[in-house]
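Here come two complexes built around chain A, the first alongside chain B, the second alongside chain C.
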Partner chain A sequence: MTGYRLHTDNLTVSYGKTTALTGINLDLAPDRIHGLLGRNGAGKTTLMSVLASLRRGQGTVRVEGQDPFENEAIMQNVCLIRESGDLLLDEKLTTNLSFLEDARPRFDRTYAESLMATFRLDPAKKPQALSRGQASAFGAIVGLASRAPLTMFDEVHLGMDAPARQRFYHEVLHDFAEHPRTIVLSSHLISEIAHMLETVTILHEGRLLLSNEADDLHVSGATLTGAAEVVDRHATGQQVVGTQDLGPTRQVTVFGDLDEAALAAAERDGLTVGAVPLQDLFIHLTDTDRAEEAS
Partner chain B sequence: MTAVTDAPATGRSTPQWRSALHYLLSGYVYMLTLWFWAIALPVVAIIMFIIGQNVDEVTSSGIAFTHHGALWFPFSIAIILSVTYLPIHVANGMTRRSFTRAALAVNVIVGLLNATIATGALLVEREIYHAVGWVHGGTDGSGIAVFNGGVLVYLLGLAMLFIAGQVSGSLIGVAYYRLGGIIGTVALPLCLLPLAAVGLLGLGQGEQWNPWSWTADLAPWGTVVAVLVVIASAGAFHLLVRDIAIDSKD
Partner chain C sequence: MFEGREPIYHQIAEAIRGEILSGALKEEDQVMSTTQYATTYRINPATAAKAFAQLVDEEVLYKRRGVGMFVAPGAAAALRSQRREAFFAERLEPVIREAALLGLSTSDLTDYLASHATTGVSTTAPDQTPEER
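What follows is the complex of A and B.
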């Protein structure tokens, strides 16, 4: 199986007088796991809705080189899981599986049923009788078992508890390895999904802030960990985007092109130098209040 | 750890609209239609039996009163289908075009099904009325026989009315979904045009049952206009659905 390539050119989407997305130029390569990040209202859901043909925007949208809107061959292979999925609420889960089997040409019912057993979901229950966590789990199952060449999860794991989320992350990676496809993950739990992401796209206030390889972002700064006074000495003059203290130990995240000599000096002074956490970077880049104060 | 199986074949053998039609018919309509008649027919039989015990002669069909149910119940279901099923259909990767085709096919199939069951029940009822010496008249109290214009004409009139009712329901649902509460309400008279056209023009006075006990006697042009209005309304339904935005779940 091959995943779909995504491309948007000057994509703008408005809801009445409110502009949700402005001039988005984006390319996402096939067969990779992409992270789509942004604060509330940044336009993540709108972007995925356009890719899934739930609504139209102005500008160009191409999924595997084709306009996806009302394109039967593309639409059936694009799966957007919004929260708990779009289900037949008054039908049993097993009936929903039958419906999805008809709707999704690559839907793997056996896999879906094995995941339902893993997440302990009763096939005879109706979606409206599920707890929030169970509903989220079923949404995740639908997304995984659809095996769509473009699969997008929009905050699908919101209601899951920590063990369920870990199981979901494990299944995403495991099934992606067996059946490569293009996966877009949108989540506010950045630190939990950071290790899965191959690229990171950040939207902010309807505009594209960045779209880079995750590895490149991790080296766009550094963490310095060690004795607080030593850390402070080496962080002086750097752009600090995060600080954490644990007793006498301090960890700061600095952002920007760092001097190799300065990093080597920090290590010589006993500090541990690490990659910049994605979450710190995200907070720094999207912290509007801090940016306004700085200006 | 869960089992990983090979992905199923990637080709689709069934067009999307037929998959949707299959679901809508099996999951919604057959069930609801059969339930309706399973309840309505015994209730009518019991009521007619009680009436028969208390009057010398019955002059109106009992079954004909169920036409209101066979009209307005699917009308309501058509509204619900447009509002609740459309977003699920599109969000699960099926086109709006396939929804339109499936929904209109359901309207026609269920309309024909209900009209056929109703007419069959009326034929049985007529035999019973004749056997006990009652008059198998219409619900308007005029004493004119239910099948005054012929059984097939009556069946055709019912089918047109039931189909038009569902087209109106589909239009109302999608108008509210697309245009919102205020404009959807303002558009109600337009959405009800198919039902009004068939009910008020239709096949002409005395030829068909109608929900308002009055039909303009303009045959055959009334019929032509009514059919054209239903076809135009189906086109309007398609235009409203073809690029409709599916609501976010926020």
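What follows is the complex of A and C.
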């Protein structure tokens, strides 16, 4: 086992009068790919900054059992990749890689070079000369080749085009399989990463909405589609998080500890029972305006 | 892919069982590694590993240390006999219930089966694989 275990207890972070995170209790197991989801301003970046010891809050934060703040032994093994990048802007990419090779105990230079070729980056270029997509790719390369026991990607692939993202996902999965470590992926492109995640943590307005095994979450949601009155009859007693009407047809999304026998009964009554993709579930749970309209 | 409500690893295991039943994967064939599976279908390697573990438990696959996962001898026949048991209860029962709702008689159903025997239902010995027919 090489990955770090993450734990927070009643973590609260404020910037002046603004509270970015409130009372976060989180446990993320080592050597897994964790998804960290939330709308803009939900507190994802703040949480990752605290785990990367860039920021300090109130409450407890433990990375592999230790307080990460100003803890050099932990910090050198924690890699947070942000879209903006944390690079030596006046130095060539290859010089940046040399610097990282010195700073990161597990940095794999050979792997970094091969990724440079994969993403078609010119090592002689300087970070400021890169396009947005190239800068994203370089961030991804740094994150992957650092092989840090805790690696966090904060929207790093947002600047990449679809083929580059595909390569990024491939590399994350391949390198994770060969060199297990704790990876936190934060992204708005939920449908693209959904099945890569072993756990899903959703922040909403600075609070922890849920943190679950992806498998458990997958079986916790269902859509019931059919004639409105039949759908309503079967949805009674279940937690309904979304409703959509198409003429006489209604689709409700139910979420929670579902009664499988009741779902089977719904199917026998002619309803279509379907899965709820993670992205849909995320929208239902965090689209507060819509949730208020519905209630 | 993976659009069902069952956990993803169940769906992966089911897809592999399907490949064995159809003959796309033959006995003693090596199946993809968890890494290959994960990168091909863009899923977590642990999810693929769980599916493989389930199939090893069911003796559909077996592991050769340091080499990989292989289709177990007799896997196709074992799957076929399990499926036969489940076929009537899980597949045919709902059809019969639906037929009753629609007012179709038993002879309507048997007539249909008889007239479609050449295209769908084998009239040969039940233990033959599709290739042997």
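Here, the second predicted complex is superposed on the first by the 240 of 295 C-alpha atoms of A that agree within 3 Å, B and C clash if a C-alpha of one lies under 4 Å from a C-alpha of the other, contacts with A are read in each partner's own complex, and residues count from 1 in each chain.
What we mean here is this: a residue touches a chain if its C-beta (ideal position, glycine included) is under 8 Å from a C-beta of that chain, and two chains touch if they have at least 3 such contacts.
Because the structure is predicted, anything quoted here is derived from the model rather than measured.
More residues of chain A lie in contact with B than with the other chain of the pair chain B and chain C. By the touch criterion stated above, A:39 is placed in contact with neither chain B nor chain C.
Looking at the shared chain after the overlay, A:198 reaches chain C, while chain B stays out of its contact range. Touch criterion met: A:218 reaches chain C, while chain B stays clear of it.
Contact with chain C, but none with chain B, is seen for A:275 once the two complexes are overlaid on the shared chain. Once the two complexes are overlaid on the shared chain, A:92 sits clear of chain B and of chain C alike.
Contacts of A:174 after superposition: both chain B and chain C are touched. By the document's definition of touching, of the two partners only chain B reaches A:103; chain C does not.
Residue overlap on chain A between the chain B contacts of one complex and the chain C contacts of the other covers 174, 178.
The touching residues of chain A, counted against chain C in their complex, run 32-33, 169-170, 173-174, 176-178, 195-198, 214-215, 218-219, 222, 273-275.
Of all residues in chain A, those touching chain B in their complex are 1, 45-46, 49, 52-56, 69-72, 75-80, 82-83, 86-88, 91, 95, 99-100, 102-108, 110-111, 114-115, 117-118, 147-148, 171, 174-175, 178-179. Of all the residues in chain B, the ones that touch chain A in their complex are 2-5, 7-12, 14, 16, 19, 22-23, 27, 87-88, 90-98, 242-243, 245-246, 248-250. Within the complex formed with chain A, the chain C residues making contact are 2-9, 34-35, 38-39, 41-47.
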